[in-house]
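There are two complexes below, and they share chain A, which is joined by chain B in the first and by chain C in the second.
Entry: the complex of A and B
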């Protein structure tokens, strides 16, 4: 079309544009406002003519009362924390049983069956190890650890969303985000991050301003995701709960997890504040957020859509990324260079540095291997610890991810490896503050289209985490 | 003989057509008509979209949920429809990302029918967008959704009067419960096939100086592109110095015949 345009046609187009430009100067600056004004007046006139209000207002306006409760300065925050706690508690408590059932099925039953099948087929040991002990087990772990909590968390979250609660959260947090130089809608993407950071990053699309969207993307990692809850809960109950009498252990370790969560929220505000004054300077843009009416959620439809749209979607990506990391775990613990396996060499190399920051070489290597999926951190740590201690009777074999059902069994391993309360605390902190998983990084790259901002999103938290762990370790050792 | 007459009688009965809805999900090839679904945030566009296509696009009770364009299809009255769910916007005149997606699709995607989903409980504010949409396109249907909530709040909307004021069909619905969807389908079909001729209201009350400028520009635009359905709106955007519109005018993108599907520009939107 464009190349068929004749010369006179082009001249006519330019004539129109010059005419428009000339009129623009004549009409002055408030043209846009006057047009909007005309539209508003017209709309108001029509509405007046077609809408009639009849009947009395209901005596008790429960929507307004509810709004007053949920968004008040006094009760808004406590209710928000309470709802958060209830959702997490339901997720943690409800996921336990199906998780261990899935683990029994996939790890305890199907894994030996596959091994037997491979042996019957005469599969070479290395192929069988790589495929079944490495890739299959990593996938089995991700599915059994991730699927149940996600299948509970996402529908609960979606129900709150359908009911209309999320915009109220955004409303409550708006002034905090604004003070941090960020967008109030970041509260919504942050909430999504508690399920999965990759989903949280996608949710930042609701933020128009690119500057504020980048802030929301970079800080989304500080919302603890599903894959990190198991680490937090296990380590808190092993190391923090153990510090107090057994009767209090449950409450204290739960409080420790909530504490880490709130630290994550504080970091979200803090880092947003720093970013909006350094790398991403600018004023927070204004936006109007409508508080929608409360609507009774449709339970069945919500279950269906949140399972299909969120749970299966997120799970699939995690599985895709877990497969290669399972292979890597198996390879580094089975390929020997000289006397020891690659894993043992790396652990020995990382150990001095790890100890300075309150962790150890095993944890650092586990975090490198588990970049694809946070949910395999704990099994990787266990496997590497057992292997480096030479406790071959404890595990299922070199490079095999396994699960321990008894807390005392965990403690035996960690105790032998020289873990202390400090190791536990630093692991919890590092689990909160480290690079996003590769799924999230890939999503960040797809959303921003920028290598630079993907690198910032990866490096900023990991450097921050190392610094925080280092400081905590120094203070701990000075005091202790 | 009797069979033929029964069939004939059935075909004129609206209920027959309602039963005629075949939801096509994401099968949208070879469509006869393209429908755009526009509206303010959180008025239930995605719910209407799901009701029409049988898809289960995630719906959520918060403004700004639909951030990308969703597409689906259905067959009604033997016509194949493709329906595009646009992000919710309050206006088409500012420059935020989702407003641009919505506006560009209405302008360059040239839907055959634009369905504006409006919240019956907040009609005045929704009308701001409806009026802007009617500036861009002359084939529209207003879906007056959330009628149950309006009734609960003691609001009555005179939809016939509203339809007369706007010059397009106005269909009250409760999309969550599938109420009014049949009537909506019939209205869409009538507008798409041209059996209902829309006479959309155009914004009034501009200053005399502005009207003079608009009239001159519209005359020039019409001389250039006689088929342009929204010359007045384009003139207004030119007066405001909208670079996207200026570029589109220069490239000829704006001048393509109305009704033709400019495939390339559809693909480039969103």
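Entry: the complex of A and C
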């Protein structure tokens, strides 16, 4: 009896499963959609019952008019370019004074004061060199170059974002980015990258499609960041401006910097295109872009959040990475193996390789040890050049970063080190196309959570940069 | 001299790096796998062929097997011998039949194949044309346990992206549905239930035309030379050889709905319409995103404005302004407000 029960039980279960399976085939794929439909309909029904809408919006309200203006074929792009130009101009013009004030305070005043203090305390020369000349100075440099532009650029950007303008920029530019397999919002993370690549990488959070977000992260490095503008401007005025009569030098060197920036934009599109068709073609992709209503910007709140979220955050990471880098810079120049310091050995080793790609050993070493921050590349190059040439009357001592105030002084040092116009051009190119700084790399790792994509973001640009410099040097030498 | 050595080393280093970055699984490993498992791959492909013929009620013979696997008759005979020895196949009157065991094995392979296609369609961004060949690789590598876990993670999908049923874990499959599109009489309506993914070039044409399972079509003209169908307010000319790869389920006139549908991308700024359906070609993450935004059948959409470059267009959906690209708006079908209103008045006056 019991056996019979179990058997008929089993048969009933089998029967139910078969019926369920049949229904599954019949309902097919539309089941999920139908459930979703029903949920929305219920929600809409409830909303209709309980929500009272007071006063229909007028058909031609100011928001619509503004949207039409900002996205029209005629006025859309000019307004965008104008606003971006204003933001950049305000950043550059506004950052000059506080930057030099900070430099005076941290580098010219506080550094000697600290040195004096250390001497009074009877600190051994190596400890004082490591801590003050190495770590403190590198940090001071990064802070004084980095802080003012970021403290101006980020709040301005956040204001535009808060107002609701930035999504319209993404909307207008999406067509262009779509062709490269990217998302229109990449325009925003790219612009953020002109302030700081680490902040640009964080800004890619607004892109909700996995593939396009990775593209934006990997190519963000091609937006010339705040730490690289000074290098570009200095090298362009020293080497490119010098090629033409003095009257034209300013314009020509500015054009060279703009050219490098545009090359960065072109690379962003080119590399995005390649990535979306090779490495990233399997990543899922979608597009949606919400255009939020315009809001009057909340200025104080914006200032506060952009200072805390972006400026301080990025600065903190930069400082954390600059301290050990300063130590390394000082140590490699002061620890001697045999006759020469470690730095000199490495420079000698790298020199033939550097010369092939139009650079030299000093520049390559500077890029290796100044990986934490692009801001200290030029001071490191200067220090290493002076050291390797044995120009003891120049500079501030072995392992101590310094800068010069006169163009002729720069030229004297670079000339003595055998720099040519080619070196200048290749340095400008390499400054655009090389691995992101370690702050950015760390941010990429945090954002993607993947060693693989961090490695791609580091290796892709540096390999590309070496290849580009190599080709330029070969062509230059063949022609010249 | 030194320079040229360094240049050479550099070049080789770049080359190596490039290869390592772009080709993680090398061709060599692929080739070795195929070589080591060639016997099993051949057996599984043979079972798939026999199952396909059995399912479509076509006779399977030694010749059809040799043709499908592109092997010589001699090898086909050897293969059938092996299959018989394994108890997977028996032959009768020059026809090949699957045994119970052979059918179960074939359906396991098919389950992995179709699940993998579903997975690629829903969870990756790989283009449609590559799904089939990827699944052809995967079906010989994945274990059925892995496949069952994958199915559970995806919510046990019943169909693959081409409209083919995925055999259940127990090996169940519904009987085939529908008729070839070429058999649909002129003027009649049908719903596409399946797009055949082999051969790849034909499938690519079907995809390029924008046909998808679940689409309603009307046969306009069916001559042996040319077939013309209408679907979602558009006309498609098809070569009969292409149309034969489309399976449709004939619809009664009462069930058809799509005559007045247009693509969302065809609307102009200022137009208002009601969403009727989202194409099955819009799937995975993209489909979920649209649904999250509230773009479901019955939603009212108003076209707001176009981007300065002309491409994304802003739509007002449930109180929010959302930009969609043209290729997305192509996959959303709507009914213009005027025709919705007209239908409503027609209904009112008739009652």
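Heads up, the rule we're going with is that the second predicted complex is superposed on the first by the 359 of 480 C-alpha atoms of A that agree within 3 Å, B and C clash if a C-alpha of one lies under 4 Å from a C-alpha of the other, contacts with A are read in each partner's own complex, and residues count from 1 in each chain.
Going forward, contacts are C-beta pairs under 8 Å (C-beta built on N, C-alpha and C of every residue); 3 or more make two chains touch, one makes a residue touch a chain.
What you see is a predicted model; the values in this text were computed from it and never measured.
Applying the stated contact rule after C-alpha superposition, one finds that A:73 touches chain C and leaves chain B untouched. Shared-chain residue A:46: touches chain B; no touch with chain C.
Of the two partner chains placed around the shared chain by superposition, chain B and chain C are both touched by A:24. Of the two partner chains, chain C is the only one touched by A:172; chain B is not. In the superposition on chain A, A:36 makes contact with both chain B and chain C.
With both structures placed on the common chain, the touch criterion links A:298 to chain B but leaves chain C unconnected.
In the superposition on chain A, A:205 contacts chain B only, with no contact to chain C. Of the two partner chains, neither chain B nor chain C is touched by A:447.
Contacts of A:351 after superposition: neither chain B nor chain C is touched.
Residues 21, 24, 27, 36, 40-41, 208, 288-290, 292-293 of chain A are contacted both by chain B in one complex and by chain C in the other. Within the complex formed with chain C, the residues of chain A that make contact are 18, 21-22, 24-25, 27-30, 33, 36-37, 40-41, 64, 67-68, 71-73, 76-77, 171-176, 178, 184, 208-211, 278-293, 352-353, 356, 456, 459-460, 463, 466-467, 470. Partner chain A is touched in their complex by these residues of chain C: 2-3, 6-7, 10, 14, 17-18, 21-22, 123-127, 156-159, 165, 168, 172, 174, 214, 278, 280, 284-286, 289-291, 293-294, 296-299, 304-312, 314, 320-325, 328. By the touch rule above, chain A contacts chain B in their complex via residues 1-2, 5, 9, 12-13, 15-17, 19-21, 23-24, 26-27, 31-32, 34-36, 38-44, 46-47, 49-57, 158, 161-164, 166-167, 185, 188, 205-206, 208, 288-290, 292-295, 297-298, 301, 304-306, 308-309. Interface of chain B with chain A (complex): residues 41-42, 56, 58-65, 67-68, 90-91, 93, 96-98, 121, 123-125, 127-128, 130-132, 149, 154-159, 161-162, 165-166, 176, 201, 203-207, 209-210, 213, 216-217, 220-221, 223-224, 235-236, 238-241, 246, 249-253, 255-256.
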